[in-house]
Amino acid sequence: MNFICNFPFFSILLSLFSGTVCSVLPAKAAKAVNRVVIIAVGLMSAVLLLYLLSTGESFIYWMGHFPAPWGNEIRAGVLEAGMALFFCIIMYLSMAGGAHKLPGEVVESKHNLYYILVNLLLSSLLALVYTNDMFTAYVFVEINTISACGLIMIRQVGRTIEAAVRYMIMSLLGSGLLLFGLCIMYDLTGHLLMSNIKESVAQLIAAGEYQIPLIVSVALMCIGLCIKSALFPFHAWLPDAYGYSTVSSAAILSSLVSKGYIFLLIKIIYRVIGFDIFNSTRIIDVLFVFGLMGMIFGSLSAIKENDIRRMIAFSSVAQIGYIYMGFGMGTQAGMVASVFHILSHAATKSLLFIAAIGLTDVSGGSRKFIDLTGAAYRNKWAGVAFTAGSLSMVGIPLFSGFISKLLFAQAAVQVEGKMLASLIVLGISTVLNAIYFMKTVIRIYTTAGESPYSGVTFRDMKAYAVTLLFFILLNVALGVSSQPVVNMIEQGLAMFA
Amino acid sequence: MGPNLFTNYGEAVSAVLFCIGFTNLLLQTNLIKKIIGLNIMDSAIYLFLAEKGYIAGRVAPIVVNGVTSTEAYINPIPSGLVLTGIVVSVSVTALMLSLTIRLYTRYHTLNLDEISMQLKKEGK
Amino acid sequence: MIISVILIPFIAGILVPIIPFQKRWQKEVFLETAVVLNSILVWYLLLHHSDSTFLLAHFTGNLNISFRVDGMSMVFAGLVSALWPFATLYAFEYMTKEKHENVFFLFYTLTYGVTLGIALAANLLTMYFFYELLTLVTVPLVMHTLTREAILASRKYLYYSLGGAAFAFLGLIMVIVYGSTTDFILGGVLDPAKTVGKTNVLLLIYVMAFMGFGVKAAVCPFNSWLPQASVAPTPVTALLHAVAVVKSGAFAIIRLTYYSFGTDFLKGTWAQDVVMAVVMFTIVYGCSRAVKETHLKRRLAYSTISNLSYILFGAVIMTPLGLVGALTHLVFHAVMKISSFFCAGAIMHQTDRHYVHELNGLGYKMPCVFGIFTVASLALMGVPGLAGFVSKWNLAQAAVESGNPLAWGGIACLLVSALLTAIYMLTIVVRAFFPGKDFDYGTVSGIRDPNWKMLLPLFIFTVFIILFGVYSQPLVDFFMEVAGGNI
Amino acid sequence: MYFILLSIFFPILAGLFLLIRFRTPLSGEKAGTDRKPLLVLTGIFLVITAVFAFAAPLTAREGFTLFYLTETLPIYFRIDSVGQLFSLLAVIVLLCAGFFSFSYMKHEERESRYYGFYLILFGVLNALCFAGNLITFYLFFELLTLSSMPLVLHNGSREAIMAGLKYLFYSLCGAYGALFGIYFLYQSCDTLTFTAGGVLKETAVTQHGGFLLLTAFVMLLGFGVKAGMFPMHAWLPTAHPVAPAPASAVLSAVIVKAGVLAVVRITGYIFGTGFLRGTWVQTVWMCLTLITVFMGSMLAYREPVLKKRLAYSTVSQLSYILFGLAVMNEASLVGSLFQVLAHGFVKAALFLCAGAIIYKTGKTRVEEMRGIGKEMPLTMWCWTIASLGLVGIPPTGGFVSKWYLALGSLKSGLPVLDVLGPIILLVSALLTAGYLLPLTIHGFFPGGDYDYSGLQKKEPRKLMTVPILILTSLPVVIGLFPDTIAGIILMAVKGR
């Protein structure tokens, strides 16, 4: 076994361990540790990805020395490694982009706590990505929830605590359902390792036994994860949670945490139940319909919103709808599109959140549109970045959003019954996206009348601008040379089977 | 259906409990009651796991009399899962309770809707 | 070579705010030189074109960004590059009264490149890409004045255009999935083996894509952005909203209909009927709104709406003759409308009057402008001997020849629209020249014709209106060749 | 060939020259005292044009193409007898009215504009008469509308401008109706050159004859607008009276005849009477003309304003002509063309008389004109003779034309309409007498209680009376030699 195969385990452990270390360090050091850890994990993931691409097959790593079905396992394929790398990049950029806001929003004494939470979050995300064990997944889902909740409420104002409570409640409902579904699955198959469950499920299906409990179990797990990833209509907690937390938290939450759950769902679909079996159930139709509704209603709510952060948050609801629509198509192409959209949305949404904070900072901290008038002239980089993000969301070629739209549409065409519905909703949703994003873009480039904030300028420009630049580049890179990424996703999904 | 339900009364009860807990967590406006609902829900799942792991006439998998045959003990994995789950749910409950306290000290109420109302009034 | 004509405007445009010009005339000379050079380059390219495709970049899968010169591109690129230098010249004079000149010229010149990109695109994806870009680079031009009205207009323009593109995107997908290639090939690229049994879905998507591109071409009910967008400075309204942008929409529809879906596939289907009915309705609707409108530029904008649908009407007849008619009107309308818009701009520039009822008696004070305006009006009405008649004649002949009863009804629409055109255009002329007995000439004292920078383009356009009217044969022959796929 | 071109383009260029050379100052005051150069120039131009127009048919009768609008649309001129007939009418009326206006227009502003457009109109009318194919005809038909509109709204009052616009839009509406037909005809005909007997393709007739009939009907309605045919007649009573009187004379006597010429051209030379005879188009068309005849007379009878009354009369009289054309046999065609001449001269004379009255007395309403005969006896005598011509009393031209019309109608053998037509013509003639002659009666016999003390001689100058006299005498002349004229017309109808 190659040394590189230890990397997944190392990266989980590293981030988990660094979290504990951070608690005794002063804030500055914690920050440094946090950065270093993220970079290290990212590097490891990159090396792992290269290694996997060169070997062309996934591997399974035993935790301890117990073979299946007793031991706990980690599994790494191209998709997992790629995802881990991507999560690290986004997380680093989000942290860097939001760093300047932290002192203002979080009391000094809690800074190292903040880094603990981020590290914990990273470790739980990595665990979700790599784990091959269902119950481990559950445990890390909970860890993820708790750290995410911490990230929301680290900014101690009434809104965030309330948002955190709501977030917790919905998450707990979700994880309760997930756990219950998982228990039923365990009951049916007698296994907790994904590969073993899949074999048993295949046998059960072949034998025609326990069909209903099986479906119930799958449905419970799906609904649980849907709630946690804020699929419409389970999105009530989302706008407040994303809208009022500190900016890095919002960026991370919207682009990574929900994506972690979605990735877990993909793993369950492929590794636990089996893609074909999953597609033969009616669950995908339900996901499809909810996805479509999410695309429309999320955007509609965003249009009505008068607060830029909440608007971006609602836009997430719509984008998550896209992803579930891809699931709901029940084809490989749809799944590829969804995974690509996970990446594209993560890159874009965090960019938008961070750009938005730059805009609100130069508008007296207000997020109301009326105060944002002309903000792009006061903070040029934020304006450019917000515009780029918006264009990507609307699906202008050259940006990543266009590719995911392209992939979704191409996938939709191949699905006989769902083609028209998805194409039309795709069109409408683009129109709606255009409406609320372009409204904002025009607003920030307007100078009609004297704004009370016209003299305000932005501090700490350099780091912030570089971060935004990287985000834009990431976006454009995804948009221009998408082919390698798509190939990687296809390869990774093939390894899942 | 009827006889099956009766035979698997353990599962049935846990399902019912789960539903009760779930509904409470979802619909109660009082935060404490929500947390209680959460605990009921979690306990229902542990009950379910324990029920599944129990084999009639065997004892818990703790070696006390030097009996090492697996035949003597019930399946240990569900028990392990329950223990892990309890740890998780305890920590979650603790977090929820701490959040509740914070909210209560700020807004002097446990009613989540009222808190939302007050937040709206603050207009932030 | 082919990419350079797109890049030169980009570079020149970006240089405008960067180079610190000492005097205004330096900037003017710089810009005009760049634009004229580029136009010459375009014409050189068109006249010495080869059939080879220039591949710029692979996109994803088998999609790529590439450029090629074919008949359609020659028509559109030729038109755009012929008009742009004049419009630029006109803009120099007009913009003396406006603020933020640099930004204006930056985007104005960028638009040139983007429009050429649309014209020279070799496949649907490239065209779509530039089509979206066009929206983005023209928005700053619309909101140039930054008044509340301009903001609202640009917002609406953006929503409509991007929304339209979203549906046009569906057409792109269909061509990608069901076509053998996305390149433009006269007669269409749909693969019959793949489309079996999917006809109706494809037709539905075609209609959607038509409406999507139709947003730019101001097809009813997606036309209300155009009159609103006339708050932009007049060179923009004239060139972009009478030629470049809206014609891009029409151009895109022609590409979609003739070069991607293919007329064989569409002709005689319900989709053709639907789009034709929509187009016919728009023809009449645009005119009737123009009659009711009292703001001069908005009136012309409504007129554009109607006239664009003439072009589309030719396009949806879906015969080679129809394409000829569409192309003829594409070119002729551009000249006629840009000329009338420039007149309107000259009036606004000289007198600051915007409404039709304020134009009383101006005819004697600005004889050149109103003389030219009269010629343009008559041409738009379709008086024989002027350009408009020839294009309408070609359209109507195509409609008659197609044997489609709906198209025959379309001829009636054309004529109703011609009558309405007469109403909304000639009332202006009559007002200007016949203000009435009790008109107080004191109110128009001190108003004069604008200077040569404004008049020169106007005169040249007028010459072309008349020239096309009496001697259009070589051009129409050329369109025939294009429609026959010989070029 | 050069004379044709000269007769068309010389007046147009001359008119433009006048428009530019004698631009009136902008302040709105009168053109100044120096009218003479303008008048002299105009007079010279008018005469030269008339000479050209007369000379054109004498020099060349074969057609020629000026240039090609598009490859298949030549601008083509050719003179045939029908064209010549209309040209004759146009030249005489335009000359007379032109000279009449020299003194009439003294009071009006912006004379140069008036004369400029007057000359342009002259050229366009010549072109219409000499047009050799439908496209050329259509081109000048549109130009006719555009160049005559400034005459209508000349006096610049709000009413005049609205009337001018109404005239414009009705005319264009008609022209576009015709254009609709042309679009289809282009595909259904071998050529659009006017050829006696029609140019329809055999195949087109058999394939979609029904649609061609509809086309023909639309074209008839369209061109009929200009000829004031019901239901598109409303512009005429509005537009004619507001123009200066000589312009009204030209409008009512000549320009509306362009519509008639158009109808002659499309029925006889494009569709061919053989195609239309006996179809529903003929029936409906005849009904429309009869309705117009009757309605025009009734409205004229009820109209108190003199010039408006004359305009309604024009509506009615024109439909006599159209009725004759609709019957489509030889006698009726002769009647129609005869009526073209007769009505042209008579109506011009009547309008000029009305103009003279207005110019001298300022009275516009019929009931104000009691005793006018005592003041302007010469004018009123002309009025009376012209009225008799319009009513159709022998030996005037009006009688001859109506005779032929009735004859043709009775011979046509159409059910019901063959008899109904003459009856309505007769009733209408009675009404005509009823609305024209009271002016004579009251003018000469104002009644016992009339106060003669205020009377004074108001006979206008020679420049006015001479044209009136000429125009009054002409219908009598043609009425005196009906056979000669009818023979010429017959030759024309037979297709030279």
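For reference, chains read A, B, C and D in written order, and residue numbers begin at 1 within each chain.
Following the convention adopted for this analysis, a residue touches a chain if its C-beta (ideal position, glycine included) is under 8 Å from a C-beta of that chain, and two chains touch if they have at least 3 such contacts.
This structure is a prediction, so every number in the text was calculated from the model and none was measured.
Chemist: Show which chains lie in contact with subunit B and also with subunit C.
Modeler: Touches both subunit B and subunit C: A.
Chemist: With chain centres taken as the means of their Cα atoms, state the distance from subunit C to subunit D in Å.
Modeler: 43
Chemist: Measuring centre to centre with CA averages, how many angstrom lie between subunit B and subunit D?
Modeler: 102
Chemist: Taking each chain's centre as the mean position of its Cα atoms, how many Å separate subunit A from subunit B?
Modeler: The separation of the two C-alpha centroids amounts to 28 Å.
Chemist: Subunit B: which residues touch two or more other chains?
Modeler: If we look for residues of subunit B contacting two or more partner chains, we find none.
Chemist: Where in subunit C do residues touch two or more of the other chains?
Modeler: Residues: none.
Chemist: Show the residues in subunit D shared as contacts by 2 or more other chains, in ascending order.
Modeler: Counting only residues that touch two or more other chains, subunit D contributes none.
Chemist: When you check every pair of chains, which ones turn out to touch?
Modeler: Applying the touch rule to all chain pairs gives A-B, A-C, C-D.
Chemist: Mind pulling up the subunit D residues that touch subunit C in the complex?
Modeler: 26-28, 67-71, 73, 109, 135, 138-139, 142-143, 146, 150, 153, 155-158, 161, 164-165, 168-169, 172-173, 176-177, 179-180, 183-184, 186-187
Chemist: Using the touch definition up top, name the residues of subunit A that touch subunit B in the complex.
Modeler: Interface residues on subunit A, with respect to subunit B: 135, 138-139, 142, 145-146, 149, 153, 156-159, 161-162, 164-166, 168-169, 172-173, 176-177, 179-180, 183, 186-187, 192.
Chemist: Can you list the subunit A residues touching subunit C in their complex?
Modeler: Result: residues 391, 394-398, 403, 405-406, 409-410, 412-414, 419-420, 423-424, 426-428, 430-431, 434-435, 438-439, 442, 445-448, 480, 482-483, 486 of subunit A touch subunit C.
Chemist: Going by the contact rule set out above, which residues of subunit C touch subunit D in the complex?
Modeler: 364-365, 378, 381-385, 389-390, 393-394, 396-397, 399-401, 408, 411-412, 415-416, 418-419, 422-423, 426-427, 430, 434-437, 439-441, 469-473, 476-477
Chemist: Spell out the part of subunit C that touches subunit A in their complex, as residue ranges.
Modeler: 57-61, 125, 128-129, 132-133, 136, 139-140, 143, 146-148, 151, 154-155, 158-159, 162-163, 165-167, 169-170, 173-174, 176-178, 201, 204-205, 208, 212
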